[in-house]
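To start, I am sharing the structure in question, which I have written as C-alpha cells.
A, B, C and D label the chains in the order they appear, each numbered from 1.
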Amino acid sequence: MKLPILIINFKAYGEAAGRRAVDIAKAAERVSRELGVNVAVAPSHLELALVAQSVGIPVYAQGADVESPGAYTAHVAVDNVKEAGASGIILNHSEAPLRLNDLARLVARARAAGLDVVVCAPDPKTSLAAAALGPHAVAVEPPELIGTGRAVSKYKPETVVETVELVKRHFPDVAVITGAGIESGEDVEAALRLGTRGVLLASAAVKAKDHYAKILELARPLAGR
Amino acid sequence: MKLPILIINFKAYGEAAGRRAVDIAKAAERVSRELGVNVAVAPSHLELALVAQSVGIPVYAQGADVESPGAYTAHVAVDNVKEAGASGIILNHSEAPLRLNDLARLVARARAAGLDVVVCAPDPKTSLAAAALGPHAVAVEPPELIGTGRAVSKYKPETVVETVELVKRHFPDVAVITGAGIESGEDVEAALRLGTRGVLLASAAVKAKDHYAKILELARPLAGR
Amino acid sequence: MKLPILIINFKAYGEAAGRRAVDIAKAAERVSRELGVNVAVAPSHLELALVAQSVGIPVYAQGADVESPGAYTAHVAVDNVKEAGASGIILNHSEAPLRLNDLARLVARARAAGLDVVVCAPDPKTSLAAAALGPHAVAVEPPELIGTGRAVSKYKPETVVETVELVKRHFPDVAVITGAGIESGEDVEAALRLGTRGVLLASAAVKAKDHYAKILELARPLAGR
Amino acid sequence: MKLPILIINFKAYGEAAGRRAVDIAKAAERVSRELGVNVAVAPSHLELALVAQSVGIPVYAQGADVESPGAYTAHVAVDNVKEAGASGIILNHSEAPLRLNDLARLVARARAAGLDVVVCAPDPKTSLAAAALGPHAVAVEPPELIGTGRAVSKYKPETVVETVELVKRHFPDVAVITGAGIESGEDVEAALRLGTRGVLLASAAVKAKDHYAKILELARPLAGR
C-alpha cells in the first residue's frame, strides 16, 4: 500500500451509479497522474469490474462477505474482488460493520490475496483492536461525523492523535488514516499534520459538481509527503 | 417478466469471476437468440455493470440490501441495480435470506423501479408468504437439494406441485418457478410439466465445460411453451 | 389463544427489569382476575422463568432464535421458552425482525410446541404474508407509531381496517390484533371497533406510575367481548 | 473477577432448561463452597434472574445485545443483566459472534456496570484484538474443537500458549482462559499448566449424569492455585 493515500469511497450514492462511477474514477486518475499522488477509488460492488477495467489507479472494494469463491448468492468473496480487478479492500466501514471473528479471517485472506487492506474503526480503542488483526492501515472515523462536513481532523483531533499514538505503540507497521467529515484540502492538510498517512472520504468528492477540481483540491496536500 | 424463463445464477463461483462472467453471459445470449427463449443471467454484484453493458439479454441482480441510493458503504440499492443496467432482481435466495419486513419493502421498490422480481423460498408455505408480497414470481427451492444435482422436480415433485397449487389459489398473478438441483434438460422438462413457468439454476450452467452446449440443453425444453 | 387479548410487552425497559418484572406481572394478573379478561405479559428473556413461576396468567416470550434446544450460546430456543413456563410467543416484532425463512420455521415449531403464536408486521401486505405462515394472530404495528403515544387505531385506522380485511379474506383462521402508540382505554376501544381481536402494547403499561390502575383502564374495553 | 475460575456455560441445552438450570447451579455452588474455588454459572437468558436469586456463586450472562435499557423487544441490555442479578458476562462466544464495533461498546459498558467481562475468540490473533478492548479475560476457543470432547489444552496446546504469550506481551492486565473440548479434570489441569487462569466449558458439566460429581472433578485442579 503506497502512502500517503487518498481513498474515495463511492458508497451507494446515486451520483456514482452506473456510468458515472467510471467518470469519477477517471477524474481521480487524472489527478493522481498530474500530482503524482496515490489516489484510490472504491466504487460500489455493482461497478467494481467495470471501473477496474477502465482506469489504471488502484481500485478498492468497499467490503467483502466471505473469503473464497463458492455458492454464496449475493455475497462478495475476497478472492473474487481480486479477480474483478481490484487491488485493495475496505473492511468494517461503520455502514458495513463486521463481526470480529469474520473480520479477522477476511483481513488475513485479503492480505494473502495481495490486496491492500484498510480496516475502519470508530474510536481509538477499537482502532487498536483492528490494528491487532494486521491490516495495512486502520481508518479511524467517528460515525457521528461521517457525512456531516465537520472534519474529524478539526472537530475531534484528539481522537486522531490518540489513535495514532496507540497504534504506533503496539503495532508500528500499521498506518493510521482518517476521514469522517473531510470536506476540503484544508481538512486533509490538518489530518496529515495530526500524524495520519492518508484520508478516506466520500461525499466531498462524489457529490462535487466538478469532480476533477474537487479531487485536485483534496489530493494536493498529499503531494511531496 | 417474460415467461417461461431460464435464470442462470452465477453465485460467487470462481468459474464466473472477472471476465469469465461476460463469457458465460454471451453464451447464454447466443442460446436465447437461437432458441427464441428467455434466458436471464444473474452475475455477481462485482460484474453486474460490466455484464449488463456486454449483452442484450436480461441481467438480474442476485439481491439488494436497501431501497434507495445513499450512504450505504458495501451495500446494494435497488435503484442502483437498475442504474447499473439490470432488468430484474432475485431476492431472498436461501444463501442470502432477508428479513420479512425488508423483503416486503424491497419487493415493492423493485417493482416500482420496473425490475422483474423473483423471490425465493424453501417450501410451499413460505412460498405462499412470499407470493403475498406481490413479486412477479416465486422460486421454490428446498435448500437441502441446492447444489446436489438431485433435481427438485424429480426428488421433491410434491413440493413443487403443492407450491403451484397454493400460490395459484391465493395469488394467481404470481408465477411459480423452481430450481434446486437442476442438472439437465430432462430436469427442466420435468419442472415445466409440474406446472412451473421457469427454472432458476446455477452450477449446472456455470461449472459446465462448454457453457454454450450446456445452456442450450437446459433452455431447449422452454422453446415453444 | 383466548381472544380478545391484551398483551403487555415489557421490552428491555429498565422499569420492568429484575424484580420489577414480577410486580408488573402481578398487577396484570389482578386485573385479569377482576375483569375476567385475558391479559398476557411478555417479560424480557432475563426474567421469563422467574415471572412464569410467579403468576398464573399467560406469559409470552418476546421472541426466539432457534427451534430446538442445543449448543446455541446466548440464543433462545422455542422449546426452551415452553420449558421456562411460557404459554405463548411474539415473533418478528419490529425491534427484532426475523428472516422470512426463519420466521416460517419458528412459527411452525411454536405451534407444534403448543404455544400461542403472535407475529408482528408493519403494514397490511406484510401482515398478509405473516398470516400465510399460520400463526394464531398477526399484530399490525406501523413502526413509525410505536412508542409515540399516537395510537394506530386513531392515526392510521385505514392500516388496521385494510389488514383485517386482507387477512380475513385469505386466512380467516388468523386473528388480527394491533397496538402501536396505544396509550389509553379509549385507544383500545377504538382498536376493537376497527375489527381487531386484541391489543399489544408496551410503554403505556410498563412506564405507568400505578401499574394496576393503568392496566385496568387498558383492559376494561375487552370485558364482555 | 476472581481467578482462577471455572465457568459453566449452560448454552441453550435442554438439560439446563427450566428448573434444571437451578439444579445445576446449586451443584456448582456446593462444589465452590467445598473446594473454595471460584465457580461461575452462565444459564440461558430465560433462567438468568431465576438462577441469580437461587444461588450465591457468580452468575454470568451468556451475552448481551445493547448497552442500556429501552425499547428493544427480545434483546438483552447490559444494564438489565446486572439488574437481573448477574455479576458477569460472556461476550462474542463463537455461537453468538459480535460485530467488532458493538463488542467494543458492550465491553466498555459491562465494565462500567461492574460486571466481570469475558470475551471469547477463536485464535491467538483475534484474542489479541479482543484483549485490546479491555475485558477482564479473553477465552480462546478454537470453534472446531467446541463440543467435540477433544480438549484444546491437549489437541491445540500451541494455540493456547501463543495466545497467553501475545496477550501478556501487549495487554498484561487481561487474563487468558480457554475451554473448547474440555471433558475432564485432567484437561483442566493441562489448561492451567499452559498458563491460562481458568476454563470455560459447557457440555461436560451440563450433560453429566451426576452434576455435582462432574463439576467437582472439573473444579478440583483450580484448588490452591
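FYI, a residue touches a chain if its C-beta (ideal position, glycine included) is under 8 Å from a C-beta of that chain, and two chains touch if they have at least 3 such contacts.
The shown structure was predicted, so the numbers you read here are calculated from the model rather than taken from an experiment.
K.L.:
Return the chains shared as contacts by chain A and chain D, ordered by label.
P.N.:
Under the touch definition, chain A and chain D have no mutual neighbours whatsoever.
K.L.:
Starting from the mean Cα coordinates of chain B and chain D, work out the distance between those two points in Å.
P.N.:
Spacing between the chain centres: roughly 45 Å.
K.L.:
Just curious, how far off is chain D from chain C if you go by their C-alpha centres, in Å?
P.N.:
It comes to 33 Å between the two C-alpha centres.
K.L.:
Rounded to the nearest whole Å, what is the centre-to-centre distance of chain B and chain C, using the mean of the C-alpha atoms as each centre?
P.N.:
Distance between chain centres: 37 Å.
K.L.:
Where in chain A do residues touch two or more of the other chains?
P.N.:
94
K.L.:
Testing understanding: with touching defined as stated, what is the shape of the graph linking the protein chains, line, ring, star, complete or other?
P.N.:
It is a ring, because the chains touch in a row that closes back on itself.
K.L.:
Which chains touch which?
P.N.:
A-B, A-D, B-C, C-D
K.L.:
Using the touch definition from the top, list the residues of chain B that touch chain A in their complex.
P.N.:
Residues in contact with chain A: 9, 11-14, 17-18, 21, 44-50, 53, 61-63, 66, 68-77, 79-81, 83-85, 90, 93-96, 146-147, 202-203.
K.L.:
Name, in rising order, each residue of chain B that touches chain C in their complex.
P.N.:
Residues 92, 94, 97-104, 108, 121-123, 125-126, 128-134, 170.
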